[in-house]
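Following are the structures in question.
Okay, so chain A shows up in both of these, paired with chain B first and chain C after.
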Partner chain A sequence: MTHYFHENLGLIQQTLVYMILAISLQVVLRCGVVSLASIGFYTLGSYTAAILLKHGWPAALIIPVVVLAAGLVGYAFGRPLARLRGLYLAMATLAFDLVIPILLINGGNFTGGALGLYAIPVSVDTWALVGIVIVAVYAVSQLERGWMGRASLALRSDENLARSMGVRVTRERYLAFAISAALGGLAGSLSAMLFHAVSPSSGGFGLVTLGLTMAIIGGRDSWIGAVVGAYIVTWVPEWLRSIGPYRNAVFGVVLVLVILFFPDGLLGSVRKIAPMFRRKAASA
Partner chain B sequence: MTETQPTPTTPTTPTPTPPGGPAALLETDGLSVTFGGVKAVVDVSLTLEPGTLYGLVGPNGSGKTTFINAISRLVPTSAGRMVLNGQDYTKLSATAVASIGIARTFQTIRLLNLLSVEENVQLGADVAGGRKRNLDWWFGRRAAGVETRNVQKRAAEALDRVGLAALAKRDPSTLSYGMQRRVEIARAIAMQPQLLLLDEPTAGMREDERTEIMDLSLSLVADGMTVLLVEHNLRMITSICDHLYVMYFGNCIASGDPKEVMRMPAVQQAYIGHSADVPA
Partner chain C sequence: MLQAIADSLSLGSVYVLFALGLSLSWSVLNLLNLAYGAQFMLGAYFAYLVGTHWHHSLLLVLPVVVVIVAATSVLADNLVFRHLRRQAGTPVESELSMLVASIGLAAVAVTLVQHATAGESEFVPQTVFKVRTLHFGGLFRMTNMQLIMLIVTVVLTVVLAVVVKWSRFGRAMRGVAVDPATCELLGVNSNRLFSTTIAISGAMAGLAGVLLAIHLSTVDANMGDPLLTKAFAIIIIGGVGSIAGAAVGGYLLAFAETFTVVYGPANYKDAIAFIIILIVLLVRPTGLFARKRWERS
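Presenting the complex of A and B:
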């Protein structure tokens, strides 16, 4: 067990960071806010943490600073975007994600240019990471509970219905933006603290695709789906390593099949199928 | 009941409350809604009193739903004002209107299929709970638990009221059309409104289901709620409503006792194109 843990430590850490990144996307998608901005905040969070670590800041201070700053910027970012819906919002936030690496490449010594920043002191151990993930997941799970859970689903399904039920649509959208940004920043800062280096290519379009895949194949209706999605996206390519150069192609086909046959994500499909089995068992 | 005299072909004027009579629950004064160049609602003034069942009828496209959308602030008004319990709420948001005592249903069923029947109704009950997001709530403390139980209780009572308590755990998409309509009404009742706006609640229903909805409306009114019912079934609405309003091309062309209103030439003209004898 210990041997397995040490052998796969990097992968376990990557999974945990991706879990936070996946829930940062899921938390907005659940509200019907198609924002991809958390990927941009991931990149900003990773650079902020890297720069502060290099200046001798302790990780225990950097994490709350990054989370708070990302949340506030995310809230402010949400205001001008509040009028956009659906694909228009996705395009605007994608532009934000894609502009950040360009700014970082042109940031000179401060951001390390195209090479990024490296030799960042490792400052978070795996158990601390597990604790942070548990806290983040708990916070998001609370958002899905009780009136907030019902309000966010109403928001996604029908804004007029949500309004007529007294849901503060605009405020809930801002809040979703802020929480998503804070989680994105948190995932980025943890990534910088664990993996020694950050580069402009660590964010951008590749991570947008990966993050969306995690949030969607697991099921966007619950944090559980995002956590499962992060696990699948991190581990399945490793399991396919034995097939060599074809593994990415096979993984791609697996993803397409999952999305074709389980459009509500794995969790959504389980929720749909489970009552059928229950009814069958009850009638037997 | 409002003492408005039938006023065919001209928009009604606000009815002054008679001295010593019941205070108006809702008053609209010269309410208008325009979409670009289209005048969907034109200068409509009406008065709704507490504990009364009102009917709102009119041919398709006459502006009934737009009027309800305006009262619930889902569409912006271009002129006029709206007063609930003496307070002008013309500038309030739809969200705020939901919390001051106006609940509504929609013409088309709008249930959330990701939630169970009882959770759908709890969405309405949440309004009365105030949706507090404080430390109690985040950390699952006792105060939050009490509010959660209150919401559950309000929702259970509303479901019981519409006769669907036994189906609380069901997925709403597995219910019949009539039952889904009743879940929507339960969700609105759970908001504990003073004024309930029902937009064609019996559309597409069987006769027995319609009767159930009408009986439910009457029982809500008997409990002191004011109900404004938009309907196309004239026979049914004239038999149960205390007061009827008729809209035509965005104007309120008549109001008063339902049977008297239906005999008016202007109303018959609007509905069937010519006057006809209506038995008293």
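Presenting the complex of A and C:
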């Protein structure tokens, strides 16, 4: 067990970081807000953490600072973006994600240019990471309960109806933006603390598609879906390593099949099927 | 100065040629097709394959490749996108699932070509088309391929704009984009229309792939990615569904980029597209040539 743990430590840490990134996307998607800004905040968070670490700040101080800053910036960002809908919001936030690496490449010594920053002191151990992930996931899971949870679902299915039922639509959107940004920043700062280096290429288009995949295939109605999605996206390609060069093609096929046959994500389908069995058991 | 204008025009043609098909599938099918870059790459790859094994000129290679790429996109629609459209409860949900499905399809195509080319970059042989530089009275120069792309782009834009605006097919296409159910009642076969649109979009991707493979004189598995993000910017600038808008957006972006390189901070050339997206969406969310005002917000 410990042997297995040490052998796969990198992957386990990666999965945990991705879990936070996935719930950061899922929080907004669940409200029907197709924002991909998490990836941009991930990149900003990782650079901020890296620079502060190099200046000798302790990790315990950096994490709250980054989370708070990202949340505030996200809230400010939400204001002008809140009127965009659907794919247009996706485009605007994608532009935000993609412009950041270009600015970082041109940031000179401060951001390390195209190479990025490296030799960052590792400052979070895996158990602290597990703790942070649990806290973050628990916080998000609480948002899905009660009034807040129902309000965000209503927001997704019919905005006007939600408004007429007393949901403060605009405020909910700002809030979702801010929470998503804070989580994105958190995931980024953790990745800088774990993996020694940050580079402008780590947060580009590839991470956008990866994050979106994680949030969708598990099922975006619940944090469990995002957590499952992060797990799948990190580990399935690893299991497919044996088939060598065709690995990504097979992953692509798996992705398409999941979308086709599990339209509500893996978790959504489980939720649909489970009551059927229960009813059978009860009537028998 | 004149040379910079000529460069902008040929770069703009590249962008517009690429963006037209993407704009079409977005406006009619609500499909933000991330596999479009892969379709384009397939066009380039097949141009290399067909051109190498079958020594004919561009006039024969081009139609063959265009048909192949159009066929693959119809196949993708039949196998995947059609089912996603049918099972989606709301448009937003089908948008998202189609987006992720297109990521999967792109991964398949890119990986297969990457494996087939062993990760190397290939080129379309000169027997297909020989690129020469033309000098225009010492004022500016352009290759013959750039000139062909410029002409093809202008002609295609005009033809497509006319078809979408005035033909029966174009009217049905615009109708289906707004309300498929009502159009069905009025006798439009929406599935066939979607397939036709996908085929046209795929054909455009194939065409762009062939011409650009020759222009850039390189073919590799990831060649579609940088153009894809630029194309999004172009569509946003022009307004979704507007053919003329895509054309203006493409040339506008090309001019902005070229003149930034010549007179401004060249390092930020690739940031321009994204900055334009952000500004346009915040200031004028419907694009410069809006078709439907209510659509974006």
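What we mean here is this: the second predicted complex is superposed on the first by the 282 of 284 C-alpha atoms of A that agree within 3 Å, B and C clash if a C-alpha of one lies under 4 Å from a C-alpha of the other, contacts with A are read in each partner's own complex, and residues count from 1 in each chain.
What we mean here is this: a residue touches a chain if its C-beta (ideal position, glycine included) is under 8 Å from a C-beta of that chain, and two chains touch if they have at least 3 such contacts.
Worth saying up front: this structure is predicted, and the values here are computed from it rather than measured.
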{"item": "Fit or clash - chain C, chain B, common chain A", "value": "fit"}
{"item": "Which superposed partner A:T126 touches (first chain B, second chain C, both, neither)", "value": "neither"}
{"item": "Contacts of A:W147 with chain B and chain C, given as first, second, both or neither", "value": "first"}
{"item": "Geometry of the superposed three-chain model: angle at chain A (Cα centres of chain B and chain C, steps of 10 degrees)", "value": "90"}
{"item": "Partner chain(s) touched by A:D221 [first = chain B, second = chain C, both, neither]", "value": "first"}
{"item": "Superposed model, chain A: greater residue contact from chain B or chain C", "value": "C"}
{"item": "Touching partner for A:S157 - first (chain B), second (chain C), both, neither", "value": "both"}
{"item": "Partner chain(s) touched by A:N106 [first = chain B, second = chain C, both, neither]", "value": "second"}
{"item": "Partner chain in contact with A:V169 - chain B first, chain C second, else both or neither", "value": "first"}
{"item": "Partner chain(s) touched by A:P245 [first = chain B, second = chain C, both, neither]", "value": "second"}
{"item": "Minimum Cα separation, chain C to chain B, after superposition on A (Å)", "value": "11"}
{"item": "Residues on chain A lying within both footprints (that of chain B and that of chain C)", "value": "157"}
{"item": "Complex contact set, residues of chain B against chain A", "value": "72, 74, 93-96, 98-99, 103-104, 106, 110, 112, 114-115, 119, 122-124, 126-127, 129, 131, 133, 137-138, 144, 148, 151, 171, 187, 191"}
{"item": "Touching residues on chain A, where the partner in the complex is chain C", "value": "29, 32, 34, 80-81, 83-88, 90-92, 94-96, 98-99, 102-103, 105-106, 156-157, 205, 209, 212-213, 216-217, 220, 245-249, 251-256, 259-260, 263"}
{"item": "Contact footprint of chain B on chain A as seen in their complex", "value": "139, 142, 146-148, 150-151, 153-154, 157-158, 160-161, 163-169, 221, 275"}
{"item": "Sites on chain C touched by chain A in the complex", "value": "26, 30, 32, 34, 80, 83-84, 87-88, 90-93, 95-97, 99-101, 103-108, 110-112, 114-115, 225, 229, 232-233, 236, 267-268, 270-271, 273-275, 277-278, 281-282, 285, 296-297"}
